[in-house]
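Sharing a structure here in structure tokens format.
The chains carry the letters A, B, C, D and E, assigned in the order they are written, with residues numbered from 1 in each.
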Amino acid sequence: MTMATVDNQHSLSGEKNRKATKSLPEAARWISVAGRMAIPLMMLVLLITAWSLYVWAFDVPHYILPSPMRVAVALYTDWPILAPALLVTLKITFTALTIALVGGVALAVLMAQSRIAERALYPYAVILQVTPIVAIAPLILIYAPSTQAALLICAWIVAFFPILSNTVQGLKSTDHNLLNLFELYGASRWQTLVYLKMPNALPYFLAGLKIAGGLALIAAVVAEFAAGSAGAGSGLAFRLLESQFRLNIPRLFAALFLLSLTGVAIFLTTNTISYLLLRKWHESALKREN
Amino acid sequence: MTMATVDNQHSLSGEKNRKATKSLPEAARWISVAGRMAIPLMMLVLLITAWSLYVWAFDVPHYILPSPMRVAVALYTDWPILAPALLVTLKITFTALTIALVGGVALAVLMAQSRIAERALYPYAVILQVTPIVAIAPLILIYAPSTQAALLICAWIVAFFPILSNTVQGLKSTDHNLLNLFELYGASRWQTLVYLKMPNALPYFLAGLKIAGGLALIAAVVAEFAAGSAGAGSGLAFRLLESQFRLNIPRLFAALFLLSLTGVAIFLTTNTISYLLLRKWHESALKREN
Amino acid sequence: LDEVKFGTNWLAQAEHGGFYQAVVDGTYEKYGLKVEIVQGGPQAANRALLMADKIDFYMNGNLLGSFSAVEQGIPLIEVAAIFQKDPQVLIAHPDQGLETFEDLAKLPTIFMGKDGYSSYFQWMKKAFEGFSDAQYKPYTFNPAPFIADEQSAQQGYVTSEPYAIETEGGFKPKLFLLADAGFETYSTTIEAKVGFVEDNKDLVQRFVDASIIGWYNYLYGDNEAANAAIKKDNPEMTDGQIAFSIKTMKEFGLVESGEALESGIGCMKAARVTAFYDQMVDAGVVKADLDVSKIYTTDFVCKGVGMDLKK
Amino acid sequence: MKTSPTDRNDALGQATGTVAKAPALVSLKNVSKTFANGTVALRDMSLDISRGDFVSLLGPSGCGKSTALRIIAGLGDASSGSLAWPVRSPVDDKSGTGGPNQDISFVFQEPTLMPWASVFSNVYLPLRLKGLSRTAAREDVMDALQMVGLESSAGSYPRELSGGMKMRVSIARALVTKPKLLLMDEPFAALDEITRFKLNNDLLHLWEKFGWTVIFVTHSVFESVYLSNRIIVMAARPGRVVQDIAVDAPYPREEEFRTSDTYNDYCRQASQALHSAMEVSEPA
Amino acid sequence: MKTSPTDRNDALGQATGTVAKAPALVSLKNVSKTFANGTVALRDMSLDISRGDFVSLLGPSGCGKSTALRIIAGLGDASSGSLAWPVRSPVDDKSGTGGPNQDISFVFQEPTLMPWASVFSNVYLPLRLKGLSRTAAREDVMDALQMVGLESSAGSYPRELSGGMKMRVSIARALVTKPKLLLMDEPFAALDEITRFKLNNDLLHLWEKFGWTVIFVTHSVFESVYLSNRIIVMAARPGRVVQDIAVDAPYPREEEFRTSDTYNDYCRQASQALHSAMEVSEPA
């Protein structure tokens, strides 16, 4: 029996994928990445086939459910219309996400630092979360300095809560022994926050971020419905409504497709960020080695 | 120095509220509960006063921002209209929340159990999350057996994602040592899930629940906008819309107030559930004792 | 009785009065129909339900929707036009020196719905000097932002918003009816699927006739029961609003003007449809070279049905 | 000098590489373990353990004792080399995997308790996983808790226990299944000497009574001599076996054994072995 | 027999209740601790510790040693009784709270490392909290790591360390601030004897050199005798002091001390004290 052979004469119960790709050469790593992509892609092909078949078999009229082919054509021909709209929506989305991040984390920190702040503010955060944008959009339109500002306020209201709620939970989940340690070394509140509570809240925060990423996109669309501009400078929401109004259902689906794609891209990004930040130390991202 | 006196000659740094109410008699406990309520209530009084003052000082017309008094009157006089609408909305909310819970957790379990399922399904969960309800409501209305069903589908789409995402993160955050232990004792996948991963995911799940609770309420309103049944059996969404259209802004605010109240009540409930489930063992709910 | 579902494009209001009238006073029943009215709303999908054969008739706002349908190859057809004039109106503050429709171009802000923006506003930009995209702000079906800003106008139904603004806002706004400015579409048309109409000519005729009779009765007869039905479907509706709507409908000749005066409510004429189409093509709102003859049929209207009920 | 019914001593080789005469219960051959970060925790470790052995692993901190134990338990694969269970009869092997799952227990170096479960539920866990109901398991669980002196804490939660108490819960959880093979990673390190001695004796009695096989990691030379019939001394960086000491003292061993000359000799021998292991270890 | 510059021995009373002659550095008076679940961890515990003392706490598992240490450190209040720092001068007391925060270190019973931080960052923590930059702290941190033999693991994460290595990181973190008062809760329990002996000696040297005060929880009677000038033996349920043994052997103590008769005598005395403590303890 040579030293280099892995020859486990008993097979282990439990997951086999722990026997991972760590020491494989570059080529093999690419194969494994491809394998990871294969499943979602297969799923996609399956879905599109099923959709096509359904449309074809039941002869579904294109104004109810267009075939994937028609949507693809619309996507191609309407690209000059859809692309700028997508850009506008993306801009709102990322601005909204940024302020939701900043606002959500700032509020969470405030609440985790002071019980009084928590009790005084949390109810109002909840109220903001449950207020339908459409109902207060007029007020916002009246008081916001510009349509753009109104839009961002609307989007922020939708997206900030998951970050706030998760971050608060994370900040509160700090190990008591470590808290004791910090207290012992006379750490200031600020130091305890930055060096202990925040890293500890990271997994929770990141789970919140994953939710908020998609929500910011939805928020951008909803805000545009409620307070946004129309015409040349408008985003996907306007295009969606217009397509609906004009009965241009293939274009509607093309716009939806772009939204979905954006959503998935945002999710993959947040997922990757999460992995990169946690892979060194957190169970959720670690490979089981021992 | 008698044994019973607490006489700490040095004051400790850090939070003082650890010196808690544990051994106080019943009366004192009530005082402490009252104290806990005092801050939000004070905040409320403050807010209402500021609002009244603003309306009064700037002579804001009631159709832009009604005074709290007017809203209260509207709440009282329109109660016979608002109450049944609230009931309808509540019904949708709780049904939606229930199926979001079941669906979200079931999906999360599936994804945490199988990498393939995760890769195949997660993108579509994201797509569902980012699809604007307004845009696909017609499709749902066409394919759903009834308006009621369409409504629930819409609400579910909005509310399930936070639960899914947080639960997945929680299920994955299981301590590797405990996983090893379960593997060693030959636990089946199912046992590992039920006895280990699920309790471990609880704090994450509960954070997700807090988000989903409010979101289900919003979802019920949005769904009603998008797919709603109008008329006598309609919920708060229609009241909101028509009140706006008719410039009956005090009633609009009364309806908003009911929504907010419901939101806060749901939040307090989920918060209490969370506390009850975690208080025995999880840092976030434990009092620091050592 | 044939069961028929009719979808409206908004919450129950006096503008739907004739249909409710025909339901409650038994006219539909007399014509062998059992009609269920499905209310619309700002985001309701009644038109999609029509296309999916979930309802049989739909109340279409104006002909632009029909142009879109033919452009997209969707087999929809208008069988009657209850409103001769589009009630769509632009509302402005008084004392702002606005006299003619063109004067609206001077305002920095016009609150409009997205559909308004993409239909008549495109026409306005073409037909008049000075309108521009910069004026557009979204209308959220709440007139408060308009009332708060004197230098603005907003869209509305001549029968609805002006009432709310008058009673709640406390001033009598200036109204500019689009129809009077040359936006000559029919409105509140009855729309159905082409195949359905071909297969059920008799049923369609009965529905159109009964609806027209309902409208005469609503406008000239005892409409109390119909109003009660409207208020039941839409509890926010007030008697004052209903009275205002009926008054306005009569005052502006929304239902009865032009061809309707000679050939009865619901009458449509090919020439007017074509003229409106050309106007819209000219404004760049719709594509040229559509076969608009497909979008309507005059087979069921202009027969003087129910004119005897007019007092 | 065989005192137990099983052939405990016939598998003792002299040092690495020597083949045992009877088939070993578990046999590591040239096992190496390299972690993802490049740390070589074990290199070419070979070790045969016979059924009924009480083997102690002794070695400097970080030399790979825990890693070796985990590999034996089937938790975490070796990077190279082989792990075999030669004498395992098909009858024992209910799971059909050839693995040790059915009658192995492990006391991890850290208590590894479920924070949401009471002490009772934590100890009940292995039986629950075997399908036993709470009532059916009650007696066994309470017996195990009594052995570690925690029967009065059955309803407490882990966070309410002291460090040593947590470790004792973990020990009770390992003993409750009456495992054939018991892997223990410094189980008694957090206990006071009196409790420790008591548990030493208890463990020895159980081992003799049931004919268990025990692999025992300890830092106490005394403990290793007192308990085991074989001491494996490891060196660090990379972890490997450097000495294999057979402790030829008769069982049952009682407290008097602690003061005997044999005991002292073996202690000195093990201590020296440890010293030389430290010397051949590269600095951590 | 005073060997250190500080008045190490003059505070030794005979047993509970005896008042020390010189003002104590820290003084517990009738301290009781009842946890929320009703467990009485300490009852009427009185203890004066003089500046420069090396005090060991010895007692059965769960008797309240860790709890007492935490109360002294100001973590978790006593339920009744008082904690005082009589001789603390205003100059020492930068925080103005009268508390011990500024020059105290604690080695918890569990490693208590931040999982997201490298070994270096974990040890750097107390200095970072004092405002030192990474570069300024570098040397001190590496010195502390070297003392525990982990300078080569500075870049590792806690999860990549063995149990003993984690504990050593925790020790390095406590030593890096050169604290005036050092509280250690079974710091060496997870270490092999050789490392343990080495760290024992290192600790003693530091203590003598800097005139620290050390309160040291251990389960090893040998260790307590070797290190301390005073051994407090506690009994359990409720936790209290039952014996206060002065170890009158001269410092510096070297390895030869371990074989001396004095040493053996004290060991026997401490062992007996522990035994009687076990007897008066109610069963856990």
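Note that contacts are C-beta pairs under 8 Å (C-beta built on N, C-alpha and C of every residue); 3 or more make two chains touch, one makes a residue touch a chain.
What you see is a predicted model; the values in this text were computed from it and never measured.
S.K.: Going by the average position of its CA atoms, which chain sits the greatest distance from chain E?
M.R.: In terms of C-alpha centroids, the chain at the greatest distance from chain E is C.
S.K.: Skim through the chains and flag the pair connected by the most C-beta pairs in contact.
M.R.: Among the chain pairs, A-B has the highest number of C-beta contacts.
S.K.: Find the geometric centre of each of chain C and chain E from their Cα atoms only, then give the gap between the two centres in Å, rounded to an integer.
M.R.: 87
S.K.: When the centre of a chain is set as the mean of its C-alpha atoms, what distance in Å lies between chain B and chain D?
M.R.: So the centre of chain B lies 49 Å away from the centre of chain D.
S.K.: In whole angstrom, what separates the CA-based centres of chain C and chain D?
M.R.: 86
S.K.: With centres defined as the mean C-alpha position, give me the chain B-chain C separation in Å.
M.R.: 41
S.K.: Note the residues in chain D that touch 2 or more other chains, in rising order.
M.R.: Residues 35, 66, 70, 74-76, 95, 101, 110 of chain D each touch two or more of the other chains.
S.K.: For chain A, give me the residues that contact two or more of the other chains.
M.R.: 12-13, 64, 134, 138-139, 142, 175, 180, 183, 186, 225, 241, 282, 286, 288, 290
S.K.: I need the residues of chain C touching at least two other chains; which ones are they?
M.R.: 48, 52, 140, 142, 144, 148
S.K.: Which residues, counting only chain A, touch chain C once they are in their complex?
M.R.: For this pair, the touching residues of chain A are 61-64, 134, 137-139, 141-142, 147, 225-233, 238, 241-242, 245-249.
S.K.: Can you list the residues on chain C that touch chain B in the complex?
M.R.: It comes out as residues 11-12, 39-45, 48-49, 52, 54, 140-144, 147-148, 160-161, 164-165, 167-169, 232-236, 238, 241.
S.K.: List the residues on chain E that touch chain D in their complex, please.
M.R.: Chain E reaches chain D through residues 35, 37, 39, 58-62, 65-66, 109-110, 149-150, 152-153, 156, 160-165, 168, 185-186, 189-196, 219-221, 271, 274-275, 278, 283-284.
S.K.: Applying the document's contact rule, which stretches of chain A touch chain E when the two form their complex?
M.R.: Going through chain A, the ones touching chain E are 175, 177-178, 180-187, 191, 195-196, 199-200, 202, 280-282, 286.
S.K.: Of all residues in chain B, which touch chain A in the complex?
M.R.: Chain B reaches chain A through residues 12-14, 17, 36, 39-40, 42-43, 47, 64-65, 115-116, 119-124, 126-127, 129-132, 134-136, 138-139, 142, 161-162, 165-166, 169-170, 172-176, 179-180, 183, 186, 203-204, 206-208, 210-211, 214-215, 217-218, 221-222, 225, 237, 240-241, 244, 252, 255-256, 259-260, 262-264, 266-267, 282-284, 286, 288, 290.
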